[in-house]
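Labels for the chains are A, B, C and D, by order of writing; each one numbers its residues from 1.
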Amino acid sequence: MSASARTTIDVEVRYAETDQMGVVHHAAYLVWFELARTRHCATSGFTYAEIEQMGYWMMVTGVEVSYRQGARYGETVQIECWIDRLTSRTVHFAYVVRRDGRRLATGRSHHLWVRAADLAPCRIPERLAEPFARLVATESQA
Amino acid sequence: MSASARTTIDVEVRYAETDQMGVVHHAAYLVWFELARTRHCATSGFTYAEIEQMGYWMMVTGVEVSYRQGARYGETVQIECWIDRLTSRTVHFAYVVRRDGRRLATGRSHHLWVRAADLAPCRIPERLAEPFARLVATESQA
Amino acid sequence: MSASARTTIDVEVRYAETDQMGVVHHAAYLVWFELARTRHCATSGFTYAEIEQMGYWMMVTGVEVSYRQGARYGETVQIECWIDRLTSRTVHFAYVVRRDGRRLATGRSHHLWVRAADLAPCRIPERLAEPFARLVATESQA
Amino acid sequence: MSASARTTIDVEVRYAETDQMGVVHHAAYLVWFELARTRHCATSGFTYAEIEQMGYWMMVTGVEVSYRQGARYGETVQIECWIDRLTSRTVHFAYVVRRDGRRLATGRSHHLWVRAADLAPCRIPERLAEPFARLVATESQA
């Protein structure tokens, strides 16, 4: 995969993700975001699993979700993910959940680079700096 | 239970709530918030299960969480919950997660009253207006 | 999709599915089974969402799982699902979870047809009898 | 806590645990079992968190659950847990889930002692042999 501005994944709604309202429970969206983020990170040339093996974590420091309409079992939704902002020490992702082009939810997640060994905040690992910057650069040109 | 400004519950961390970072996955906090909200609503004199039986839902329209420190398996955390803001059509809850008095996370959730039958937004059910207002009134006096 | 003996789906391990042992939590396998079962039922010509809309549920009455080796974040696993046994009132599914051809887990789930309206056990809905029997017939011929 | 034959815990049903059938999703029972097992292990004098810190895991090798009746949001259920069988290398737990004395589900889980460092199966850690045997002994006398 080459660096791309935005990654969109398909997610089939799982029965276990629904609640007694008959729609997907609101906490499941964070798990979907993570799935899209995983796929988007991989376009940098490094999967998140590999990044962890290098000894780094993108620790989640915050999330926001705005829900407009529910997703239902039997449906497949699309999660679009992109890097909204990148600093030397943080990464900020944005997400849109859609079904047939209609927005169901939007969200953001905020991450801090930390060393897995001691949880100390750190700068983006050197090998990732350029690949991640390229993701954003591509974005700006889009 | 009588109306009270704030409700604090104890939650024992579940093994299944941890992830491979060794701490509780960030999505679990939304489930903990819901548990605290359930208990806090009950102090109004109506459990949320009863509210649903009346034909109403407090639909989640948004959430925000800010994470400071992770919770671990083997720990019991405290979730404090209160109504942050109340309008004729919406309820806004705030949360603090603590372990031994130390803040692990804070959050808010936003809810819209809807009729379960047709998902139409509506005013707070009449029988609940006064009990919910009392929760906030108590809060202001605290 | 036409009736087929067995359905195999790919499932990308979600970070949230791991626990602090560094592998997928054992409860997640039931959710994966359900996902494979959903896809397998659809080959009958009726999705499970449609079956529910007809007013029937395949209520889970039992499950068994045997775990051999853990699945990890960063991996994609295959879930194979087939109908193991079919009676006029019950359906029994079997599952194998594999990664690169290697067995990670096996399982079974047992289901009872019930009418959604009153939860009364019932015979397999008439419109489904033949399509489901065909799934098993195909299986026997395989 | 002193060694006891059986441990019973109260679990408040979480909204997120329900699915669109209006009852608790069947996978949630495995998480409840784990919660009861955690509490039961602690009566040995060693919490499971401490056991992991010693460098050992009770790896889950199998589970079986039999479901009779659903649990609902708004309810509190009781999970009873005991050691069903103990060998030098394995531990087998049994569970009953009840609501107001009525059986909702029963289950068993099977565990193998492994060294966390290399996942090699091993005998029960020496310091735990006697405390765990005592749990079973108490049981036999009950």
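Quick note on the criterion: contacts are C-beta pairs under 8 Å (C-beta built on N, C-alpha and C of every residue); 3 or more make two chains touch, one makes a residue touch a chain.
Everything numeric in this text was worked out from a predicted model, so none of it was measured.
K.L.:
Quick one: which of B-C, C-D or B-D reuses the A-D interface, over half of the residue-numbered contact pairs in common?
P.N.:
Checking each pair in B-C, C-D or B-D, only one repeats A-D, namely B-C.
K.L.:
Looking at chain pairs B-C and A-C, which one is connected by more C-beta pairs in contact?
P.N.:
Contact tally favours A-C.
K.L.:
With chain centres defined as C-alpha means, what is the inter-centre distance between subunit A and subunit B in Å?
P.N.:
25
K.L.:
When the C-alpha atoms of subunit B and subunit C are each averaged to a single point, how far apart are the two points in Å?
P.N.:
Each chain's C-alpha centroid was found; their separation is 35 Å.
K.L.:
Determine the centre-to-centre distance between subunit A and subunit C, using the mean Cα coordinates as centres, and give it in whole Å.
P.N.:
The separation of the two C-alpha centroids amounts to 29 Å.
K.L.:
Check each residue of subunit A and list the ones that touch at least two other chains.
P.N.:
Answer for subunit A, listing residues that touch two or more other chains: 15-16, 20-21, 27, 30-31, 34, 73.
K.L.:
Among line, ring, star, complete and other, which best matches the way these chains touch?
P.N.:
Topology of touching chains reads as complete, every chain touching all others.
K.L.:
Mind pulling up the subunit D residues that touch subunit A in the complex?
P.N.:
15-16, 18-23, 25, 27, 73
K.L.:
Within the complex, which stretch of subunit D touches subunit C?
P.N.:
Residue list for subunit D touching subunit C: 20-21, 26-28, 30-31, 34, 52, 57, 59-68.
K.L.:
Under the definition above, what is the set of subunit C residues touching subunit A in their complex?
P.N.:
12, 14-16, 30-31, 34-35, 38, 47-50, 72-74
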